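Multiple structures follow.
Same chain, two partners: chain A is paired with chain B first, then with chain C.
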Partner chain A sequence: MTIQELLAQFGDKYLQALITTYQLTFISFFLATILGVIITVMRVSPIRPLQIAADFYVQIFRNIPGAALLILLVYALPYLNIVLPYFTAVLIATTLIPSSFCSEYLMSGMNTIGAGQIEAARSLGMTFMQMIRHVVMPQAIRSSVLPMTNLLVATMLTTALASQVPLNPTDLTGIVSYINTHAVGGITAFLISAVLYCGTAVIIGQIGNQIDRKVRILR
Partner chain B sequence: MTNGTISIRDALYESPGPKAKKIIAAATVLSLVVLAALIYLVIHQFYITGQLDSRYWSVFARASTWRYLGKGLLGTLKVALGSSLVAFAIAMVMMLGRLSSIRPVSWIAVALIELSRGIPTLLFIYFFFLVPSQFGIMLPVYWKITLPVAISASGVVAETLRSGVNAVPKGQTEAALSLGMTDGKVFFKIVFPQAFRYVIPSLIAELVIVLKDTTFAYVVSYADMMLNARVLISNYDALLAVYLVVAVIYIIINYLLHRAAVFMAGHRKTAAA
Partner chain C sequence: MATNEQTAIIELKHIDKHFGSLHVLKDINLTVHKGEVVVIIGPSGSGKSTLCRTINRLETIDSGEIVIDGDILPQEGKKLARLRSEVGMVFQSFNLFAHKTILDNVTIGPREVLGTPKKKAEEEAMALLKRVGVENQAKKVPAQLSGGQQQRVAIARSLAMHPKVMLFDEPTSALDPEMIGEVLDVMTELAREGMTMVIVTHEMNFARRVADRIIFMDEGRILEENEPEAFFSAPGTQRAKDFLNTLKERDR
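Up next is the complex of A and B:
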């Protein structure tokens, strides 16, 4: 099949698939960031049980394979009388996994600030909140631009999990197996999805680099 | 965290006074209660749906269950090992290409690395699952999962190797060149052995990515741990229990790999100091 034939026949389906992938990516990324911040606050809090629980959370979700998590959410939870719509199940999986990585990036970002600066801030008589607002956050946010762009790309790649459940409209990976079972799409069908994924990743990377160049702290 | 350096976690708070101590103690108790309540809720949900019933968990009292899962794990490890080796080989070529002084070669390498890093593993898997057969190429099931996982990891590995090469001081290259070594000799005898040692921790950490991706082996019906779990489930009707245990096994393996990477990184730092 040539690319024109394929687009004429499945063009609108590709568009819907692209929208599904973008939807999942951006909603998950947004939720994962919020969750990641909450988890990180728990990890640096002086309250021991919260630290342990948050560390545990991060180790679970950074180490669980996406397929295993999705299977648990879709096929195992109904045994506990919890039935999730497919889209929600995918969304939860693609939020929980990136949220643990988000917390790891934030932690390592905070660690680059160095204890010396905190000690200096304290000797200037800053309160805890002043330290967080004027010393920790400005540096942490600036140095987290590149990790966050990587996280956004990683989240997009994780959303390919959506192809493992029947979803309508399906995502960019699901559409390829759909076309290949309904017609002989061949390499072209893959190429379109691949270009859309990769193009998005490159654009995200470029925007991230631009922002990073503006706010980067030279050490 | 170790070796006397203070982590940010410790540095953020000064030693608490009597008032702060009381607040922290109260918050600790409160958080313990909330966490206990959460755990209770989960166990309660298991209980009222009958999932704690011994008939679901007795599967794991049989040696045959573990033998079967172990066989699956062996399949998983075979794919992971094969993928890692292939990924490393591809990554070496990509990295050498990217560092090449011939412009078009390095452009092509950059494009390939971006492609590998910007496309989900599942898409590569579907490609190897669906396309070769359309051209009459019969790929063994093992390679249908191993090749896509390898290709998907190769871009990341290539960038890791490149960062290692960049970390080797320029003086090393200059010294080696002044001794009359050829470019190839300088790279493979002087630069790369050091670069490789720098990136060992990152490479171990990247094994986690490979191991996670092997769980998609069920797409091509390769008998890994996930697929064998599914067979167990159809035999014993204990879906929740089996998938939960399998997920925990994956988490433990990946966690150990992660610890190994952290350990190697710490080991290298102390060795260098």
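Up next is the complex of A and C:
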């Protein structure tokens, strides 16, 4: 089939798939960022058990393959009588993994803050949480815009995991299998999805660059 | 000054500290009274900066006791944070918050730690910035200011907490020579207004002019304590004589 034929027949399906991919991407990224911040605060907290738990969390989710995590969520959790809707299962997988990377980026963002600023904050009498909120996190986040932009793209690509479970409407990768079981889309069906992924990634990259230029901290 | 001489603001009792096998503070005993300006001098590695930093526990101590205005400085926690807020600290490297404007650098302490309302904190901050001569820079960020200006902002930031005592850890050592004067002027003014100050510095003329008492340290010990005139004209130990001679050679 040609691109025109595919778009004529499956155009609305592609649109729905794109929306599913966007939903998974942006919800996951939002949740991953919040989780990443919390995990990072735990990692730098003065409370040893919190540090250990958070380091363990990062090691686990940074190193587990997405497909393996999704299989655990979909096939293993039912043994514990937890049956998640497919969308939720995918969302959890595509949140937990990026959250560990988010924490790694924030940790390296923190390293750009001199020890002197931390000492200054302590000298003013700030508590640990005040220091995190007003001195450490704002600077760590502003120094991590570019890696976080990459993480958003990576999160989008990770949502292709959704093609492994029966989602309705399915995502941009799932739509390719759908088309190829209903018609002979061939490689062209892949091409359309690939263009949509790439186009989105380019736009995300541009926006990320602009945000970075705006919030970058003069040193 | 004589009227205040009895009130001790800082009391250090038998302070000992090691960095690994290095014994950096050896049985330090020092009392600083209200309104007093104490200048600590000594060769590098003598422990003077470490001593200054132990006073608000930026450095922990191995043994001994630190008393700030009658309260024993605790190890950690909220009480330590509260006591720290009463002790101002000015660092060699300024350490302004890089992402905040000059005004926000000065208001953040009072607003977050003391709970001062925004408007009041900003009024006070502007008055302090004016006092140190950088009120025109309030909307800029630290990197846009010269070192001397940044250090004056750092002093204003500490003063905004209404501290009982101000610590200065080599406040002019990172500055270009032409900017040292502007920072020392602010400090001289503070001393004249009766602020209690502990200053670690290599600026001997300043020390002579401003100090009520000179502390000479070497190898982790306080070797001499004296009024500036007496100390500089007739140091009591050979180490102090050697140290002052080295400085004279350098200035020649």
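By our rule, the second predicted complex is superposed on the first by the 195 of 219 C-alpha atoms of A that agree within 3 Å, B and C clash if a C-alpha of one lies under 4 Å from a C-alpha of the other, contacts with A are read in each partner's own complex, and residues count from 1 in each chain.
Just so it is clear, a contact is a pair of C-beta atoms (placed from the backbone, for glycine too) under 8 Å apart; a residue touches a chain by one contact, two chains touch by 3 or more.
These numbers were taken from a predicted model, which means no experiment stands behind them.
Chemist: Regarding the shared-chain residue A:T94, is it in contact with chain B (first), chain C (second), both, or neither?
Modeler: Neither: A:T94 stays clear of chain B and chain C.
Chemist: Where does A:Y79 make contact in the superposed view: on chain B (first), on chain C (second), on both, or on neither?
Modeler: So A:Y79 only meets chain B here.
Chemist: Between chain B and chain C, pick out the one touching the greater number of residues of chain A.
Modeler: Per-residue touch count on chain A favours B.
Chemist: After lining up the shared chain so the two structures overlap, which partner does A:T155 touch, if you call chain B first and chain C second: first, second, both or neither?
Modeler: neither
Chemist: Once the shared chain is lined up, is A:S177 touching chain B (first), chain C (second), both, or neither of them?
Modeler: It touches chain B, and chain C stays clear.
Chemist: On the A-aligned overlay, A:I217 touches which partner chain: chain B = first, chain C = second, or both, or neither?
Modeler: second
Chemist: May I ask you to decide whether A:T127 touches chain B, chain C, both, or neither, giving the answer as first, second, both or neither?
Modeler: In the superposed model, A:T127 contacts chain C only, not chain B.
Chemist: Would you check which partner chain A:V135 touches, where first means chain B only, second means chain C only, and both and neither mean what they say?
Modeler: Only chain C is touched by A:V135; chain B is not.
Chemist: Could you tell me if A:E119 is touching chain B, chain C, both of them or neither one (first, second, both, neither)?
Modeler: After superposing on A, A:E119 lies in contact with both chain B and chain C.
Chemist: Can you list the residues of chain A that touch chain B in one structure and chain C in the other?
Modeler: 46, 113-114, 119, 122
Chemist: Mind pulling up the chain A residues that touch chain C in the complex?
Modeler: Where chain A meets chain C, its residues are 46, 113-114, 116-117, 119-127, 130, 134-135, 138-139, 142, 217-219.
Chemist: Which chain C residues qualify as touching chain A in the complex?
Modeler: Going by the criterion above, the answer is residues 56, 58, 76, 78, 81-89, 91, 93-99, 108-109, 112-113, 141-144, 154, 157-158, 161.
Chemist: Which residues of chain A touch chain B in their complex?
Modeler: 43-44, 46-51, 53, 59-60, 62-69, 71-72, 75-76, 79-82, 107, 110-111, 113-115, 118-119, 122, 128, 131, 136, 153, 156-161, 163-164, 172-173, 176-177, 180, 184, 186-187, 190, 193-194, 197-202
Chemist: What does chain B use to touch chain A in their complex?
Modeler: 5-14, 16, 24, 27-28, 31-32, 35, 45-46, 48-49, 51, 114-115, 117-123, 126-127, 130-131, 134, 208, 211-213, 215-216, 218, 226, 239-240, 243-244, 246-247, 250-251, 254-255, 258
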